[in-house]
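Once you scroll down, you'll see the structures, which are given as structure tokens.
You will see chain A twice below: alongside chain B first, and alongside chain C after that.
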Partner chain A sequence: MTETNASLLDRAAQAAARSTPEPVARRVRGLSDKGVAWLFIAPTIVLLLAINIFPLIWAIRLSFTNYRANRPNAEVVNVGLDNYRRILTDSDIWFAMQTTAHFVFWTIVLQTLIGFTLAWLIDRKFRGHAFWTTIILVPMMLSPAVVGNFWRFLYEPQIGLFAYVVSFFSGIPPTDIQMLSSVRLAPWAIVIVDTWMWTPYVMLICLAGLRSIPDYIYEAAEVDRASNWRQFWSITLPMALPFIMLAVLFRGIENFKMFDMVNLLTGGGPGSTTEVASITLKREAFEKWRTGFSSAFAIILFVAVFGLANIYVKALNRVKSR
Partner chain B sequence: MSAAAHSVVEPTPASKRIAGAIIILYAVVSMVPLFWIIATSFKTPPDSIAYPPKLVFTPSIEGYCNLFTTRTRQTAEYIASLPPPENFCDEVTRKRNMVIAGPSNFLPRFVNSLIIAFGSTFCAVFLGTLAAYGFSRFKVPLADDLLFFILSTRMMPPIAVAIPIYLMYRELGLSDTALGMILLYTAVNVSLAVWLLKGFIDEIPREYEEAAMIDGYTRLQAFRKVVLPQATTGIAATAIFCLIFAWNEYAFAALLTSGTAQTAPPFIPTIIGEGGQDWPAVAAGTTIFLVPILVFTILLRKQLLRGITFGAVRK
Partner chain C sequence: MSDILLSGVSKVFGDTQAVADLDLHIGDGEFVVLLGPTGAGKTTTLRLVAGLEKPDGGSIRIGGRDATTLEPAARDVAFVFQQYSLYPHLSVYDNLAFPLRSPARRMPEDQIGRRVEEVARMVRIHHKLANRSTRLSGGEMQRVAIGRALVRRPSIYLMDEPLSSLDAKLRGELRLELKRIQAELGATVLYVTHDQTEAMTMADRIGILAEGRLVQIGTPRAIYTEPANLHVAAKLGQPVINLMPVGLLPATVVPPGTQTIGARTEHLTIAQAEDGHADGVVDWIEHLGDQNHLHLTVKDRKLITLADADTPLRKGDPVTIRLRNPLFFDGGGNRIGGETQ
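Right after this comes the complex of A and B.
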């Protein structure tokens, strides 16, 4: 009953709308499209301005000062570009950048190799592949902090499962497998956990890439009697390459920012062997309270990620358009 | 992502079997740490640090008792003078010459996690849906720049964002409040939400709303009654992603909360017993914390798969 009324009203409104001049009709029918567009978009933009952009501008301003957040009443002196100059010449910062590079490089290499292989195998579509794919995905859904913390236990030299398994297969006494306290092994300890966690992500994107290759290309290759090996190198790999590159981009950005897992697993130790950039930043900003200095470092990191990502995206687009 | 696979070059049964065997082996090995977390949560402290690591043990809920309580050491005489233990937790605690002093902070931290994760997910998906519709359907000036700006906010290292946020929240009195954390997580998640949802809404034909508008619906009504129902799957997929992020987030939580609004991820690593971490209790906390995510992953795997590949490939 009410529905009929409503539709009658609607009809009437429509009839009225048709006979009214356009600008008036729009006002009568509620918000104009432009009004709706801004009403819908504005809240998001406002939130991002307040929580992302305003703080960023604040950080840029602080980066030119000697401000310390634990002494809010101390006099703030403008130091110009001093913070930036000191960061770029600081050997500890460069060491942290090298540690980050080592971490990013090896996690990407391992995750891409293993992830692509897994995707390629799953694409054989054996029985139950969907179920096993879901199981493989589980690690990437878990909290890097909470699980990273638990890996400390797995890595314990005497009682940990990891050391036990490794010593079982290699014969090295388990007390010698000091994954977290050995300067040589600790950088690999974080690479292993990150690879365990994020290989599934790379696998999924590679799988999307493999499935996007149309059948007829393989059919044509069959007609031409191209060997499997040949098909892999001249069809599968090149056509999945944009997807692989995307996965590399995302993992690269994420691992450049890496904080939670490393902070809980090693806290940057032993010494500063696993101190990736984010850990250095945290130490400077929230332990030494050098807010101005660390803001400058944060800006440099942000510009670096942003710049590298942009160059990479350009390269990616070139591969795509090929 | 096209669902159709290249079935022409059907892999041979043998290659399928080998592929299956390798995948299953990988899946099983990658599940070992998770299995070990759950197993450890049911061990007694001595069992948990036994060498060689114990695969077979008598299950005990001592870890869960220790997770939810704080305990103090007492003399044997004092314990002997107490009335008989009321429950299992009382009993095991006394066996270790301790008595339960009170509830631990785990439950409030877990509740904080729930409030902040669900609150921020709701806000992010709500704002994200509106903005995504706006970008999808209207000619917004500088749309590409705005969308890129929205996405680029995710490239900042969390610690870099945390420095000014820390100062700003201190000024505004938002430090260590659930509201502050919800606002922050909403801002982080909304960029992902806009990107994912714009893709989903782009897929809904405009003709549907246009037809509805010809029938007399206003733009807002058409959005509510035509577009929203069509976008439910996409909204659900996006919500899962936002929820997982907010649930798992550690960096902001560790730096910006310390007490009343602290979430579970920064709390769990601080669970210590006598002489270091109380691993069964940590494992118990970790297990309880991971269960919702495991359930989500298994139940909603289709949406998850779609969201991950879709979101990634679009960006």
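Right after this comes the complex of A and C.
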């Protein structure tokens, strides 16, 4: 730091000291540096404890009981590991987990493929590429609630644009394209909306990866007579891989707990074809009011995501440190 | 191996004339160094030869073949970049093997292995073949980069300040090695640098570039002793040549038209003034170890020259200074004829 900066800070500190009321100043003066540091971070820690840590611990406690939030006066019985045992053997819950896995898998595959391709195209730096980048990013900037609502209209078989466009190209009458109420199509309806909304995000991260590859590596490869195809496979892809993996991690975690869009579009229906884990959880907790049971389910989901993410981050670090 | 012939080559970036009407011939097996300050067009010239830039005018012939519009891959050149342009996710071995693994070449893997081994030995990196290329020191990385240029045995080698990002000691070592390898292979090399020591020690011929133009080309000796103009004279020699107006120091014969006299250490005879008739005063002495920089004041001018480590001169001593066959330059900065040599 330069001398002027230091003296400036000094003067600012003196000014702050002068304007501190005497009783407060007297109390602070008695504190050590560490004490003052704690004083500064205490509000944040208190807030964090109150809204993050405490509910988590409370949920862990509830997960071992038969507590129901709609009957606060009923006797709370400690049931031990019963909730966990029931969840892990419940076929409906396993079905919801499978639905979630399918959903996560297909959204990641589609978003990564399309997102990377878009990033690769944008990185060609053609005329107006900045404009197109902005246009592509628009869906990501919308609120999921808005997106869910207007895609419901787009998917309307009678008046929706989606059904109209598909029938225009395929010849299938629009009334047969029941995106949200057909058992076969509903899961894909959600995958399409999520892909539409979040591909830009994956593209952005991939673009950062592609931009981080220095030009002279490509020039060296060109002089070394590597074809475009070989340059892509031996330079572009390996060097962008850590970024792609990061995008996959973010999207994976997000979509594992995906709730808002599914809830707005299908509410888990038709039947339970699109009932992902978070929808099941909401039903157990706030429709059936099995608070203890759903707490246990939430803990299981948390541990699953946390564990998978950890394994993945290890793999990511291995790729990065190459 | 083959020769390079640039005729009337020009390149413009926006409103900057990077290379202007450049004529240059690099003979088969010749080591030519382009020397010049930043922005003189050295790197652009190199990139034009490599095909990484396309010229706006003129023609480039490599080995007698017109290469003006050819893609880099079709020119059979190797390029060593200023930055270590290694493929970071590959091992040293795979980096060296990369140019050989081109699908068009279809070289069998055991032959690739032999060639890589041989080149790795040449650039003294064979003990690190299995290492990740990012786990190397700067000098090792640049050795790999040079090795990658050598492995393919192209017709010409292009090197863009390959040693500039290394520390002084390593630079000295690799300088010798590069020269040794070039002599061993009989390679045609076009080498760009702004380091005069590299140019002087490695080049068969030095080309001095300024503002996109080739000011002078010749052997290091010729460039040093017979610079075409003030710019070239100032480019070579340590300390930098002293420039002074006519009449500052008593000189023997000054050719007509002389505006500026250039004097390097070897053009000055300095002795302790004895009879009180001094030309200048010793300002201070800079000790470099093996020799000294002598700073002199003559009237209102400063001169810098080399002195022996055991010079008897001390700070404040009055001295007589005599010119001995200095360089004469006219009003336009061009050196006046060879008659003073």
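Criterion: the second predicted complex is superposed on the first by the 281 of 322 C-alpha atoms of A that agree within 3 Å, B and C clash if a C-alpha of one lies under 4 Å from a C-alpha of the other, contacts with A are read in each partner's own complex, and residues count from 1 in each chain.
What we mean here is this: a residue touches a chain if its C-beta (ideal position, glycine included) is under 8 Å from a C-beta of that chain, and two chains touch if they have at least 3 such contacts.
Quick caveat: nothing in here was measured; it's all calculated off a predicted structure.
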item: Clash or fit, chain B versus chain C on superposed chain A; value: fit
item: Which superposed partner A:Pro214 touches (first chain B, second chain C, both, neither); value: both
item: Vertex chain A, arms to chain B and chain C (CA centres, degrees, nearest 10); value: 100
item: Residues of chain A touched, compared between chain B and chain C (which is higher); value: B
item: Partner chain in contact with A:Val147 - chain B first, chain C second, else both or neither; value: first
item: Chain B versus chain C as contact partner of A:Val166, first or second or both or neither; value: neither
item: Which of chain B and chain C A:Ser234 touches, first, second, both or neither; value: second
item: First (chain B), second (chain C), both or neither touched by A:Val223; value: second
item: Nearest Cα pair across chain B and chain C, whole Å; value: 7
item: Common interface positions of chain A, toward chain B and toward chain C; value: 214, 219, 222
item: In the complex with chain C, residue positions of chain A that touch it; value: 214, 216-217, 219-227, 230, 234-235, 238-239, 322
item: Footprint of chain A on chain B - complex, ascending; value: 1-9, 11, 15-17, 19-20, 22-24, 26-27, 30-34, 36-37, 40, 48-53, 127-128, 130-131, 133-135, 137-138, 140, 146, 149-150, 152-153, 155-168, 170, 183-184, 186-187, 190-191, 194, 215-220, 223, 244, 247-251, 254-255, 264-266, 268-269, 277, 279, 282-283, 286, 289-290, 293-294, 296-298, 301, 304-305, 308-309, 312-313, 315
item: Residues of chain A that touch chain B when the two form their complex; value: 7, 10-11, 13-14, 29-31, 33-34, 36-41, 43-45, 47-48, 50-56, 58-59, 62, 69, 118, 121-129, 132-139, 141-147, 149-154, 158-161, 164, 174, 196, 200-201, 204-205, 207-208, 211-215, 218-219, 222, 231, 243, 246-247, 250, 253, 256-257, 259-260, 263-264, 277-278, 281-282, 285-286, 291, 294-295, 298-299, 301-302, 305-306, 309
item: Chain A-touching residues of chain C, taken from the complex the two chains share; value: 50-52, 71-73, 77-79, 81, 83, 85, 87-90, 98-99, 102-104, 132, 134, 148, 152
